[in-house]
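Got some structures for you, see below.
In the two complexes that follow, subunit A is the common piece, with subunit B as its partner first and subunit C second.
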Partner chain A sequence: MTNAVLTGLVLGGMYALIAMGLTLQYGVARIMNLSYGEFLIGAAFASYWLFTGWALNPLAGLAFVIPVSFGISYLLYRVLLTPLVRRARTRDALEVDSILATFGMMFIVQGIMLTMFGGAYFSYSFLAVPVTIVGEVLALNRLIAFGLAVVVGLALYLTLTRTRIGTSIRAVAVDPIAAQLVAIDVTRTSALAFALGGALVASAGVLISMFLTFSATSGVVFTMKALIVVVMGGVGNLLGCLVAGLALGLSEALVATFIDPGLTLAVNFALFLGVLLVKPAGIFGRAQR
Partner chain B sequence: MVSAVKRLAAGLLAVVGAASVGWDGAAEAQTSVKIGYAISRTGPAAGGAAVTTIPNYELWVKEVNAGGGLKLGDKRVPIEVVQYDDRSSAEEAAKALERLITQDKVDFILPPWGTGLNLAVGPILNKAGYPHIASTAVTDRAPELAKRWPNSFWLLGTSADAAKTLVELLVKLRTEGKIGDTVAMASIADGFGIDLSGAARPALTAAKFKLAYDKTYPVGTQDLSPIINEVKALNPDVFIAFSYPPDTIAITEQSRISGFNPKIFYTGVGTAFPLFKQKFGANAEGVMGIGGWNGDSPAIKDYLARHKASAANGAEPDRWASAVTYAGLQMLQQAIERVGKVDRAAVINDLQSGTFDTVIGKVKLENNMPTKYWWVGQWQDGEFYGVGPSGNEGARAPVVPKPAWKAQ
Partner chain C sequence: MSSTQITTGAICLAAVVALAFAPMIVDAYHLALAISLLQFTVLATAWGMFSGPTRYVSLATTAFFGVGAYTVAVLGEQLPWSLVLLIAAAIGAVMAVIVGLSTLRLSGVHFVIFTFGLAELVRQIVVWYEVNMTRVLGRYVFVDITQNDIYWQLLTLAVIVFGTGWLIARSRFGFALRIIGEDETVARHCGINVTIAKVALFTITATFMTLVGAIMAPRFTYIEPSIAFNATISFEVVIMALLGGAHRLWGPALGAIPLTLLFDFLSARFPSTSTLIMGVVFLLIVYALPSGVVGLWEKLKAWRPTASKMRGAQA
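Moving on to the complex of A and B:
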């Protein structure tokens, strides 16, 4: 039992970590980023390259990967997505446009990675050592990913609720038109949220590359998982992300241990559907209009 | 990276070139042999194709052209390649092959990667009368398909045979008193895992093994530790996982971390990949898996060296279907050269009846399938040697019990 719970928490933390960036990009910047998983894999490759080529510890590599991906995401928003934002008359129109644009971007990013690294599987070992917690053995690298998910989630939550910039980000998430009335620069704030999401997904990519086998084409799996977590937790809500991620991870581990590992996917989707039936806007989501 | 860009450019040029010279090619004397293929450069099958298939196609074309080309009668004719990305989709693969046949009018077609895609393109190649050398497809329907499509050759065998060989090896080891009779089995709920576990289950029961654990898990499961923890608590002598590459890595890693070290530790597709050795190093020692090759044979050693020299970043071949894929290309080449012209029916005929000298030894097909396969391999001293069937030439004795995991 303890083991299943611990495994579930660690897995759930990973899901939450994967999804937090998307909730910012989708919830605040209103960009439904279909190339999200590709950026995660891109960061995983960066980490692989730094680790195998330069013997740089992936955790230290974060110091390099996070600012770079923040910059890239910021530029992407300013150059590629701002015209779409300007053109869109409604939020729904922007959502459709951004889906199409980022769908194209998915192929570009994937193509670049395929050209650089080829289509083969990649994996490396870092901190794959056993740690014993309340008598149960867990992998240290997974534990670190879980810890960082919790830390990052709480830090971002506090930033969003306790600081001025956080408040303006939330204002944009709630109503970008009204936010302008109180002198919030909506474009800048959206770009910031999008770039922050990009930095988050990159850190997730670095962390999971320590224990998952990945290839240039495995990004879509993560986009899907992130989307499920985001929608389930309530779009734009970081705590929702954490709760939904942990719920999915726990249910998966409990079912795998006590019923059958073959039913984990079924349970994931049953939980997802169940939440949406009771709360269509997600666990922490507020119904709009 | 530079070479990757060059390859991309060369590929584009080849496609453009093929399109522009297509109209005048047929009438003139044979100045090149056009070989076409659609391969998964993107999508879920790209990982397998990139390791097993693409480097071998490129190596073979490079070597043949460096030697002047294919020998047709008394002159040598270079190979010209036309290739597409099938995006890991059966529909795309079918479309690409139709295009290769009707528009590009290629002389021969190389097969796609994987069981599913080979099954999908089978009817097209059969209808158009092209030889179909399926070297990365494992299916129980192979004997039946070989009868239905006489142009198709199934070099990798059937999953029933794979499971049977594994169980035979286990029975032998039990008779020698090296293992007991508790077996735990986990398998992926997808084509290959279903086939293999479906064949292994009755074979294990018939051999009076006790199946203490027998569960499946879905594709894309990101944490397999619940399975490993439960299996570890059962303390089986034998652990079998019919897994796909990412899970093969994850299962091995998790077992090492949990200290689960059964006497026989067997994982599925991916165990034979160079990635496995690179990732686990000395911890790969003693791990068994599907595939294997005669690592001591000079032909294989030579092939390994040539593959490393040719592939991007010095990548090594996998120790199962890579050598078979390359052997399939050698067979095609020898058949074409024996026929001496682009006569596909005659080449099919020669493939059915001829004897071929390949990196995996002498091959003579019976009912369009080889008579010998490697089904169980084991990492020993940094090489993945074939250990089963034990009657194969070059089969090594299995190291049992598996040595303990080393701390990293």
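Moving on to the complex of A and C:
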């Protein structure tokens, strides 16, 4: 029982971290990114490549992966997605367009990874040392990943609430049109938020690659879970991400331990529907329109 | 009925009759190709029938396709063929009603997320059931269905799909759907029960997709969850319908034909990079042809003098 709860907490912390990036991309930049998980797997492969090819510690690899993915996501928004934002007349139209564009992107990124690495599963052994916590044994790499997820999440929270740029990001999330009235460059702020989301998911990818096996096609599952957490917690809400992420992780671990590991996705969806039937805007979401 | 409509009807009828005789003439390779063409035409048209008017992007085609195929794999040997098809259609319809009722009441995002995961969810449940209850993973389909039978069944289904689409478009139901597509709030104020209309349409189209899966199942011979619930099908169907233009009944078919041929060629010639190329084609269509070939055609028509414009409005 304790072990299941601990595993669930670590897993939930990762889900919350992944979802925070998506909530920035969807809540602020208004891009429903279906290729999100592909960028997570991309970062996992980068970390794998750095670790096996260059013997670079994944934690040191973060210093390389995060800026690169920030840059890639920024360019992606500027080059591919800004035309869609300009073309869209309403928010709903942008949503449909961004779903379609990122759906295509998902296959492109997946295709690139498939040609480079093939369809096999990859993993590497880093800090797989047992540690005892409250009488239960956990691997050190999981604990470090969890700790770093907490640090990154906290840093993001403080940036958004304590700094000037964070405040303008939140302003765009609330109302992109009114934000212009207080001299916020909405396009730039959106691009920044999108890139920040890309950097977050890349860091999550590196952390996850330390303790999970992954393949070129396993990104879809992460996209799905991130979407579920974001919508369940309330779009654009970091606290919602945390609560919903932990709930998802815990329920998954408990079901895997006590019922069947093959039913985790079913639990995710049951939880998702259950929450939305009671609160359609998500746990912390405000009703719109 | 005007004379143009009668001519169009006669041409369609002649085309169907001509297509029905195709298996007698062509060789095995071209018959297989014709089956793929029909399969994707039906799937893309059914997709467009729902997503065109409602503007909800459904990514769950393969979930229904897979359920149909799997039903045949489980029941195909025990029951007569027509009964198997009926049961498959019923299962697909029930699943669509459940998915529709639980997500279509909410906003479009929930629907997209749910359909995005639906195939994976159903696949996981099927695997879990097979591993724990029946203890077999992967089944052989031994039914007495030839390639010709598959072709004729698909052709019949295609005729039914187009007929249904045509009937819906000229009924009160179709009118209500067009209003919903334009503005949901207005539709609600007109007294249209938006949820029921959307769920009904989703169920009808999903049933067609399930039937395609069921009809195609004998072609696989061996079925396991990862084959039946192949995500590529959802992807291909969306891109075909978009290329053609989902806002017209016959639009998706225009996209299905060239792209089926293209993908067939790609998977034979560049098996390792076909995913990548398909993604690029998809993006090109989203950016360059947002309303498909049909949309482009209508735009070109709008430039020409008024006489042709009026015909365009009538059609």
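Quick note on the criterion: the second predicted complex is superposed on the first by the 275 of 289 C-alpha atoms of A that agree within 3 Å, B and C clash if a C-alpha of one lies under 4 Å from a C-alpha of the other, contacts with A are read in each partner's own complex, and residues count from 1 in each chain.
Methods note: a residue touches a chain if its C-beta (ideal position, glycine included) is under 8 Å from a C-beta of that chain, and two chains touch if they have at least 3 such contacts.
Every value quoted in this text rests on a predicted model; they were computed, and no experiment measured them.
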Clash-or-fit label for the pair subunit B, subunit C on subunit A: clash
Which of subunit B and subunit C A:215 touches, first, second, both or neither: first
First (subunit B), second (subunit C), both or neither touched by A:260: both
Touching partner for A:182 - first (subunit B), second (subunit C), both, neither: neither
Touching partner for A:11 - first (subunit B), second (subunit C), both, neither: first
First (subunit B), second (subunit C), both or neither touched by A:92: second
Subunit B versus subunit C as contact partner of A:227, first or second or both or neither: second
Contacts of A:124 with subunit B and subunit C, given as first, second, both or neither: first
First (subunit B), second (subunit C), both or neither touched by A:114: both
Which of subunit B and subunit C A:3 touches, first, second, both or neither: first
Superposition clash, subunit C against subunit B - the stretch among 221-229, 239-247, 275-283 or 293-301 that is involved: 221-229
Subunit B and subunit C contact sites that coincide on subunit A, given as residue numbers: 110, 114-115, 221, 260, 262, 264-265
Residues on subunit A engaged by subunit C in the complex (per definition of touch): 32, 34, 80, 83, 87, 92, 95-97, 99-101, 103-112, 114-115, 220-221, 223-224, 227-228, 231, 260, 262-266, 268-269, 272-273, 276-277, 280
Contact set on subunit C toward subunit A in their complex: 55, 57, 59, 102-103, 106-110, 112-114, 116-117, 120-121, 124-125, 127-128, 131-132, 231, 235, 238-239, 242, 272-280, 282-283, 286-287, 290
Interface residues, subunit A side, partner subunit B - complex: 3-4, 7, 10-11, 14, 110, 114-116, 118-125, 128-130, 137-139, 142, 211-218, 221, 249, 252-253, 256-257, 260-262, 264-265
Subunit B residues touching subunit A - in the complex, by the definition given at the top: 1, 4-5, 8, 40-44, 46-47, 49-51, 54, 186, 189, 215-218, 220-227, 229-230, 245-246, 249-250, 253-254, 256-259, 270, 273, 275, 279-280, 312-313, 315, 407-408
